[in-house]
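Next come two complexes built around subunit A: one with subunit B, the other with subunit C.
Up next is the complex of A and B:
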């Protein structure tokens, strides 16, 4: 909003989902990209890079969503950063575009380098909604849909319905709803 | 080999894994990228693009592996193409570098546009080794390791050990071994 054009109306939007191995950031990136493309009718590229240092360490996933062709497929300067750990926030905040949207897990990120951030107990919401912390990245997708509009909630639901492993769909949908609900609450606040 | 420097000794190698949704190409790309980076000590980027037309249709995954920094993360001209369907072969063959390595599923690809290709019954090998066709992309990784050397078999095994969902490790390792064995047979032939 700060840059004039709302994110959902821009041609190209760059999203970075960052956390630790095991938090499902790569999976969430794939769900987001597929939802935006297959169900919202845009183009999307999802990628992640790996280095030798990454054993059990930080994990991040990038999604570029565009209504046009995607020339350069990596995040150059993120419009949206979701950071589920302090390390992820510290590392990627500088790459967040001025006026970009920052969503942090308030239970895991103590030091937030800006006052313009959504502080949401993402992992805690996942635990409450599903009994497990593991769906935190799906909660984050719900937040993203409500707070940024770069993907529709219908597209996320449809993608989860197709892509969830057997037995995980119900859990994933509950996590998504928790994120959507919290997003609506924050928007209304 | 045809270009002078063996693939395993080149700085940058571009791999495309192409097939249909459900054949596990995206997962295989992630395993390959992670194996090359975390266990073989290189850098790797894995990506896939989605468009509105891709519902239940073709699926492809790209991996760039490099001993140096990876400037452009997508496949420009593939050094290696694995094609598990006729459509994937038709679509991506023109983007295979001259002298590049083509591996096709001989059970699913009838028309191969070159005589320089490895024709391997990938899905059939998966079925024989695991009782299921679904591990075809893991069989393909075994072939890739033996026939191209761009990733080590130890790195693939270690990655599968960490990344396989509970209950799937044994199946994945059997699929990998089937691919490695067939690769050795083809090299010796």
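Up next is the complex of A and C:
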């Protein structure tokens, strides 16, 4: 029933960005929420959960974007799941809404539980665009913007301009462009 | 100061912004997950505004320093989580007995003991009320959003100064770490309350004198007024006493100063309760799970309403009492094994069914749990 409405036109959209510590999932969630709330003029909340480890342990960020008030601030069942590790994909796939959008890093996720998934070499794209793997989560945001429309490109650029640490803006913008471009290619295909 | 569309803030950051807006002059604390961001941000922001930040040796010292700073005339605050809040109980009692304004933020994490440092709970509800020994009045406020974290921090300072009492901001880890859009009021548009100053010369001043408001004026140490402050039951001059004709009026006054101002202190919010036969009672982030569940239940034409408690101590007896007349069922949702549930049962006195929707495993109560409880 709800699946008939495009994601970008729904009142409430739930996004889960999952991977491991060090992949920038929490930062990506913060960028997405701020872009949607401050620059796209919607409401957004971001929360995160992670273990005691700084790197290597499971890490995930949840973003709820809404045109109305947001009551429950966590994901009930995700409309969009970005999984950058096999563990994250296995753990969170069952919580993806039926017909929801799954984006996986094809370089790190071998076993994808559905054929309805975007398999994108996210980390590889980050490496190609920036020379480093660490902007993978920003590549993922570019993909998400292009494939779902729940956040605008302009809002993401504006947020990165404010949020990026000194010297990292150029790198982040290149990563974002790589994601957007891949998204356009996939949509055209 | 901010653009009309608002800013993204974390709950802990909103507490800092609220404290600064309320006029905080001193912060003494010891960092602890999930409250550390408050100390971290305060260490940068407070000195910029001419205030003093000290990282103390532990939580016992933290509240001691806060009490001292308050007696010195500054609005003072500390922030901690369960393990640190346990250590603060002794000095919390001192602040209540000596009637020293101060604000204590407890960002609740799953416990007991060191529990789950990064996971939420609402397990400190009864500790906030009775954690320190002896009968004493206390005020505790629970924010359920980042915006409320800002506004209730200001309220905590205002109530603390107005009634010469410690006030606890009882937050949970979810709101503390949630990032959310907040529209901050313009500086100067926030209501800020200052403590009542003495108008008499030093030789006429009694720190615990009976007054019409039941809140005696407080003078900062170092201003030429010599007086005594003691945790022992004290006379109007602040010196220890064992005379019944001095003890009884003191005990009655410290409770009366809160009880006669419940309309000012106790805040709750009702949504869709007009025709409700089932009322959800909740507070903190759990209230948002309840609100979500209420909307889903309304879509199924169930007459469900919500009572959100912003003040949990003193307990909002009147709000619960009048809903007990109309409701068939009251469901109390909280991230503990049923603490506010006991209070609701105490007020309802069997007039309707009361059940808890509880969770104490470090996860937020999910809307589904509440909806399942509605179906039963």
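Operating definition for what follows: the second predicted complex is superposed on the first by the 180 of 189 C-alpha atoms of A that agree within 3 Å, B and C clash if a C-alpha of one lies under 4 Å from a C-alpha of the other, contacts with A are read in each partner's own complex, and residues count from 1 in each chain.
Convention: a residue touches a chain if its C-beta (ideal position, glycine included) is under 8 Å from a C-beta of that chain, and two chains touch if they have at least 3 such contacts.
Everything numeric in this text was worked out from a predicted model, so none of it was measured.
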Touched partner set for A:76, first subunit B, second subunit C, both or neither: second
Partner chain in contact with A:41 - subunit B first, subunit C second, else both or neither: both
First (subunit B), second (subunit C), both or neither touched by A:188: neither
Touched partner set for A:30, first subunit B, second subunit C, both or neither: both
First (subunit B), second (subunit C), both or neither touched by A:165: first
Where subunit A meets both subunit C and subunit B, residue numbers: 30, 33-34, 37-38, 41, 43-52, 70, 73-74
Residues of subunit C touching subunit A in the complex: 5-8, 117-118, 174, 177-181, 285, 288-289, 291-292, 295, 364, 366-368
In the complex with subunit C, residue positions of subunit A that touch it: 30, 33-34, 37-38, 41, 43-52, 70-74, 76
Complex contacts: residues of subunit B adjacent to subunit A: 26, 30, 33-34, 36-38, 41-52, 54-55, 70, 73-74, 165
